[in-house]
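Below are the structure tokens for one structure; questions will follow.
Every chain is named by a letter (A, B and C) in the order it is written, and numbering of its residues begins at 1.
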Amino acid sequence: MADNVDDKVTIVVCSGEYDKALAAFLFATIAASMGKEVIMFFTFWGLNVVKKPKGFPRTGPIFKRIFNLINRDNVNHLPLSRFNFMGLGRLIINLRMRKSKVANLQQLIEMARELGVKLLACTMAMDLMGLTPEDMIEGVDEYAGASTYFDIAFDSRVNLFI
Amino acid sequence: MADNVDDKVTIVVCSGEYDKALAAFLFATIAASMGKEVIMFFTFWGLNVVKKPKGFPRTGPIFKRIFNLINRDNVNHLPLSRFNFMGLGRLIINLRMRKSKVANLQQLIEMARELGVKLLACTMAMDLMGLTPEDMIEGVDEYAGASTYFDIAFDSRVNLFI
Amino acid sequence: MADNVDDKVTIVVCSGEYDKALAAFLFATIAASMGKEVIMFFTFWGLNVVKKPKGFPRTGPIFKRIFNLINRDNVNHLPLSRFNFMGLGRLIINLRMRKSKVANLQQLIEMARELGVKLLACTMAMDLMGLTPEDMIEGVDEYAGASTYFDIAFDSRVNLFI
């Protein structure tokens, strides 16, 4: 087991902001490219990072609809934690990233998948936020609880909470 | 010592938002129910999570009173990090939690205590924020410095900073 | 290697808020004063914590200038994550810190350096934010990528992400 420990990184993504998501995936892809096994666990607002874009919710219980209405963030549309300026901040960051030849979030998620990074979505938080597996992007590998996360984290050397 | 390491989780709670506090206690209770020893260390705004509700401060040094006036958050009243809407967001989350049969924050704190999760409040941050042990909820087990936290963290496998 | 592991702490500073920076440096200096080897890795907004104050950018590519214009935070000027009130919150915290004889951020950075805490600035995030080593404070020991961070983190017992 000791050998495994030295090869594993877990990253809990609890924030739904674009910059935090970028940081999470940059750290994940870099660790994966170093040959580490990387497991990301998306929970609470972090679920927005791996949520499909979709229209206004027209069906379902009223509170679920209200909640989905106010929380329309998704993989294509996440706010910055600072300097959001109605999306201008994100635009500038993306331009800077293109300039710096750093991949944007979508490309990073794709890259992470190709590098074998595992994406886990927290079932309890999904239930809380009224999300089903159909609401999530294809890349999600597994729907799991926090106990699954801890099983992996106890077997990992580096455990980050973003 | 190696055996202990595999059984311990520390969670630093540095944020005073309702959703972050929920995440912290959900992770803590789940780890505790898996038989892990869980130690939570509340510091900075995280102290609000284990602070008693109280009225306007009428005594004490002026800056302490101003600070307590602007920082009136407590275990019963914490903002969301996103979609706060003057408390509406929290209301909806609580309704969703009831629906999903997830315990609310107060119940989670109670549950954490019953499961033996240890709650430590950071003495230095308490001093900084003008808080005394009397300001904190009953569940706090110990008042300790960051050095106590590190002693425990160095003996733990999973160390999260929320 | 096992011996080293028990002596090392890494702290990723991904947030550029005054309170988060304070927490990071308080944890860092306390761990260092306990004889631990402490390595801080500044990335994204966390770079603002170790950025020199400077005037309005007058040269360079337009997007870099706009970005630097909206992101004028630096080691002397960081917002609070809560209760900022145009700097009043920070003023009160600093007054409380003086009262409590806790060092302020500048003193803490100085103290961290004296205690041998290593400050690493993330080169990729610097590139993204249009920053060069000249923009950073003197205390920065090394400019490194996330892979350097992981090399150290895999060799450390406590890894915090702030």
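Some notes on this structure:
Criterion: contacts are C-beta pairs under 8 Å (C-beta built on N, C-alpha and C of every residue); 3 or more make two chains touch, one makes a residue touch a chain.
Just so we're clear, the structure is a prediction, and the values are computed from it rather than from any experiment.
Identification of common neighbours of chain B and chain C yields A. Residue numbering at the chain A/chain C interface overlaps only partly, since under half of the positions present are found in both copies. In this assembly, the C-alpha centroid of chain A lies 24 Å from the C-alpha centroid of chain C.
Multi-chain contact residues of chain A (touching two or more other chains): 159, 161.
The residues of chain B lying in touch with chain A in their complex are 6, 9, 19-20, 22-23, 26-27, 30-31, 33-34, 36, 81-83, 85, 89, 92-93, 95-97, 99-100, 102, 157-162. Residues of chain A that touch chain B in their complex: 12, 14-16, 43-45, 61, 63-64, 66-67, 70-71, 124, 127-130, 145-147, 150, 153-154, 159, 161.
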